[in-house]
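Both of the next two complexes hold subunit A, though its partner changes from subunit B to subunit C.
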Partner chain A sequence: MTSNLVVYPILIPLVAAIIQLFFAKNTYVQRALGVISSALVLVVVVYLYQLVRIEGIQVYEMGNWYAPFGIVIVADLLACFMLFLSALASLAMSAYSLADIDKDREKFFHFPLFQLLLMGINGAFLTGDIFNLFVMYEVMLMASYVLLSHGSEARQLRGSLHYVMINLFGSTFFLFGVGLLYGITGTLNMADIAVAVQTADPETQSMLTAISMMFFVVFGVKTALVPLFFWMPDAYPQPPVATAAMFAAIMTKVGVYSITRTFTLMFPGDEFTLTVIKVVAVSSMLIGVLGAIAQTNFRRLLAFHSVSQVGFMVLGVGFFTPMGLAGSIYFVMHHSMIKSSLFLCSGIAERLTGNRDIKKMGGIIEGHPFYSALFLVAAFSLAGLPPFSGFFAKLILLFAGAESQEYIYIAAILVGGFLTLFSMVKIWQLAYWGKREPKFNTVNVGSFVWGIIILVGMSIVLAIMVQPVYDMVHEAAEQLLDPSQYIEAVLTKGSQ
Partner chain B sequence: MISLILNRIARVVVHIILLFSIFMLFKGHNEPGGGFIAGLMAAVAIVLIYITYDLKTVKKLMPVSYPAMIALGLFFAAGTGLGGVMLGYPFLTQTFDYFHIPLIGEIELATALSFDIGVFLVVVGATLLIISTLGEGSK
Partner chain C sequence: MIGLLAIIIGVLVATGTYLILKKTAFKVALGMVLYGQAANVLIITMGGVKTGAPPILLGEDGIVYTDPLVQALILTAIVIGFGVTSFLLVLVYRAYQAHDSDNVDLFEGADDK
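Let's look at the complex of A and B:
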């Protein structure tokens, strides 16, 4: 029997949320529990990673019903990486929320909702059942709807209405896709679907491709790929910064994870799907960054960047080589740390200047050199300048492109990177350099920067340890490209 | 204004609905029924009281905090799953046994029942929370 370790990343946030609900009035307990739960998940994930490396893919049968009849929870290397990121991001966000979240939101269950969001995200990373993936998406989305519209400011409601509508649309499509897939293969277990797809006769093959594209659309909505990204720049600037940062760090990555899982395990890429993926990826890479250049609202700019950066990750999946996937996973790790720290930086800048427009900021570096340096490291890393993690992330993708001789995509990566640098320098010049605006608010920056220090620090570790980390993600990529390991682990378990 | 007809009917019907919802709750895990539908029914009974009288009456009849009710329900449901973990089985493993209870006789009790009770509490709590929030309006 497998150890219970696999299911803990889902259970710990759930239990934490329940206990927090009991302490509805006592926000100190809620805050403490939030931090403890995130830290616990982090520890569990590190152990889990060790276990998966030594003993292979871990399969856990919920309720003792074996696959393909019951719901299985599967932890492979990719899932472990994603879990690690979600735990890390949630730890940093919990630390940041301690100072950031206002009394009203606290009173109306901000912290339990945050834990439930974490539970949904972790569940999506771990589940081995496509319908359960849908359910976990819903858990995550329900929590995110509330977190996004929490506080009910007018512009917040406007952004969140877009978000709710587009995601309902996405979820409906998801359900249609799952229904069609069940109609053809007669199973919902992902490993079992993979077997059924491999052995499907040629006539149903086109239908299966159509279904796989349907999933791509669904996950494209959740990840905000071009042309379905328009909800994101509206939604992300509105909620409290810690929430926006959590969404940017992990929610979009759930989509990337699902794309990776779908097109490596269930529908291993054929020529057509891979071309579609790559073209979509490149167009969001370029359109996203062009959108970002035009913005002057700090957070809107960052949200457009997310559209662009997600393109890089999905492009790695599109290459469909071990190196491409490794680059994609490395990029996901780099981006979730850097983008969330940039969002947190934007929160501090907003508090200092009382403004969201970078044109009206200016001179932040005066008086706050340390915090400004943190922003600079994160910004250069996002742009992909050499000593930082973003450089290595793009480098691996470039090598992967060169390896499969896709020179157009290489050019796109370089152009995208250059434009990213341009827009980051724009923020730096307008908001941090320049003449200091006379009426700055006095903010105790020290109480905010802890979350940023955790994230930027981790990204620097990621850059320094690039060779060992690359070996780790490469191992995960190879595991992904050999779906028989996953299938065997899930399907042979029950017969023992 | 309390409508006379509604008042008379509600006094009778509420009890019937509540009884039936408990019946649904108990036969849930093997036959159609279960915590969710039972919870909705119980909530409907309470909503009927709310429509007939007002929110104050509901709060007087059920002096509980709805969020706490949801929390308690989640606690039951998750606790059922965790019970399996404590005993060394996977999460959510269920079991059942037959018990002899005086007056009622031989009945089957499953751990799924405590899960269903949890769901019941969550559904009642959530429905009432929504309705009371909407009913209170923007004060």
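Let's look at the complex of A and C:
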């Protein structure tokens, strides 16, 4: 099915960024345009999701060059979910950055950069061409480099230098992988690669497995899986909170999405690859959370948690069952809402206490009960306590593990969840409970919480509507495990 | 020809790896540049190296032609690499200005836990 609608999630942020640049001096117009563009993408995505459910996978052939010769933009159910999350997160982050971003950063194009980041992210979710995926990654990374080093405070520079270098390394590896894959399969279209891999003779099969592992390394760098996560705790504490939250909400998920796409469509179900994925996932899960326990810097702690939580999502892909993938998608949805709201909470706590170390905070709940309650809900949800969304996310993964009788991984999920709870309680006790520090800054918390309310509210909806949402993600997972649908939609010549 | 290109790729990657392991930010940046070049050479090698063949298929059977796609790919990769490298160099210089040193161990925040 062909539809022009598929391109809009990429076009809307691009156009918004261009218009914003015309109003370089007028930050009010820029802010308004940022919110409008995110909201528009959200509307388009919901409509697109309906379309995909009714008519099947939507394909747009760029310049009318049909696949595998032209670049195709493809929206399947998974892509729709990811687009929904990126639109939702960007809407919440736009709302938060209205109050958070300082005048200097505003003047130097924070808002257009944010829209370009959104464009790159949406492009990465939608593209059906592996080289175009590389290009979209670069669009996204270029915007993220600037956003991360924006303001160039001395401390910020180290983290962003680290981030730029590791990602540049990852991109080069991506190019190596694409080059080798093109040499073997002679095509860059993902659906066409899938066909070529299926029909490859056993000798090239081992070469293809090696290439798939190269892609796993590349996406592992972007997702911050163990052992490639060291950039993340350095990078996240420094930029403005809205930027860090956007990175935590969506940027790492782009890597998870790419891993899911690569290992369900192009290199599906290889026993060796799946074992590697599961082992890496479990070690991220445990090492990340152990790292988090040792931290007292609020945002560093959360960054380590991201490493750990990404492990859960990738483990779901490693199970390679409908339930495992459904759990992975549900986990992605839950985590992108909860982790970004935790980051936003940390931003308010930093403003209130003028400190980043939770040991030097204390007693925030006094005077700010509503905001503290929001943090508590998000923290318990991350730890996986019922009745919040994190509980159901882990529950689905546990069921998936039991279904494929992988009991070691079940144990790892439980241990990881328990340790997460421990470190969340640590934040709660040190920063929110306890004696109130006398030197609190006066902050208009009311202007900040809107972004958090959107995100925490959505995660509660996710928890209440768990059965319908599960049915939806299960449908998406089944579509992923049947790559012939994707291949057919893309490769049917002139599918209009 | 392919063998020569393979050796060139190997030398570029080896030199790049050596530079990336340094602690001086500028040398690491140079290592990244070499890596990028190695990737470009690799891609053009993967398209198959032929001499004197046009980059278009003329519709006759059995005619050799050079794969134009890999050239388009590395053109894109070069442009992107150029942009990112210039940004990286500015960032390295800015960090040098802020810390009065090029050694990443001496940067502010290096001892954060």
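Just so it is clear, the second predicted complex is superposed on the first by the 492 of 496 C-alpha atoms of A that agree within 3 Å, B and C clash if a C-alpha of one lies under 4 Å from a C-alpha of the other, contacts with A are read in each partner's own complex, and residues count from 1 in each chain.
The rule is simple: a contact is a pair of C-beta atoms (placed from the backbone, for glycine too) under 8 Å apart; a residue touches a chain by one contact, two chains touch by 3 or more.
Treat the numbers as computed from the prediction; the structure is a model and nothing was measured.
Of the two partner chains, neither subunit B nor subunit C is touched by A:T442. Of the two partner chains, subunit B is the only one touched by A:V7; subunit C is not.
In the superposition on chain A, A:M142 makes contact with subunit C only, not with subunit B.
Contacts of A:F109 after superposition: subunit B is touched, whereas subunit C is not reached. With both structures placed on the common chain, the touch criterion links A:Q467 to neither subunit B nor subunit C. In the overlay built on the shared chain, the residue A:T199 is in contact with neither subunit B nor subunit C. The larger set of touched subunit A residues comes from C, when the choice is between subunit B and subunit C. Legend: residue contacts after superposition of the two complexes on their common chain; A:G63 is shown touching subunit B, with no touch to subunit C.
By the document's definition of touching, of the two partners only subunit B reaches A:I18; subunit C does not. Looking at the complex, you find that subunit A touches subunit B at residues 1-2, 4, 7, 11, 14-15, 17-18, 21-22, 24, 60-64, 109.
Considering their complex, residues 131, 134-135, 138, 141-142, 145-146, 149, 152, 154-155, 157-162, 164-165, 168-169, 171-172, 175-176, 178-180, 182-183, 188, 234, 237-238, 294-297, 300 of subunit A touch subunit C.
Considering their complex, residues 20, 25, 28-29, 32, 35-36, 38-40, 42-43, 45-47, 69-70, 73, 76-77, 80, 83-84, 87-88, 91-92, 94-95, 98-99, 104, 107-110, 112-113 of subunit C touch subunit A. For subunit B in complex with subunit A, the touching residues are 65, 67-68, 70-71, 74-75, 78, 81-82, 84-85, 88-94.
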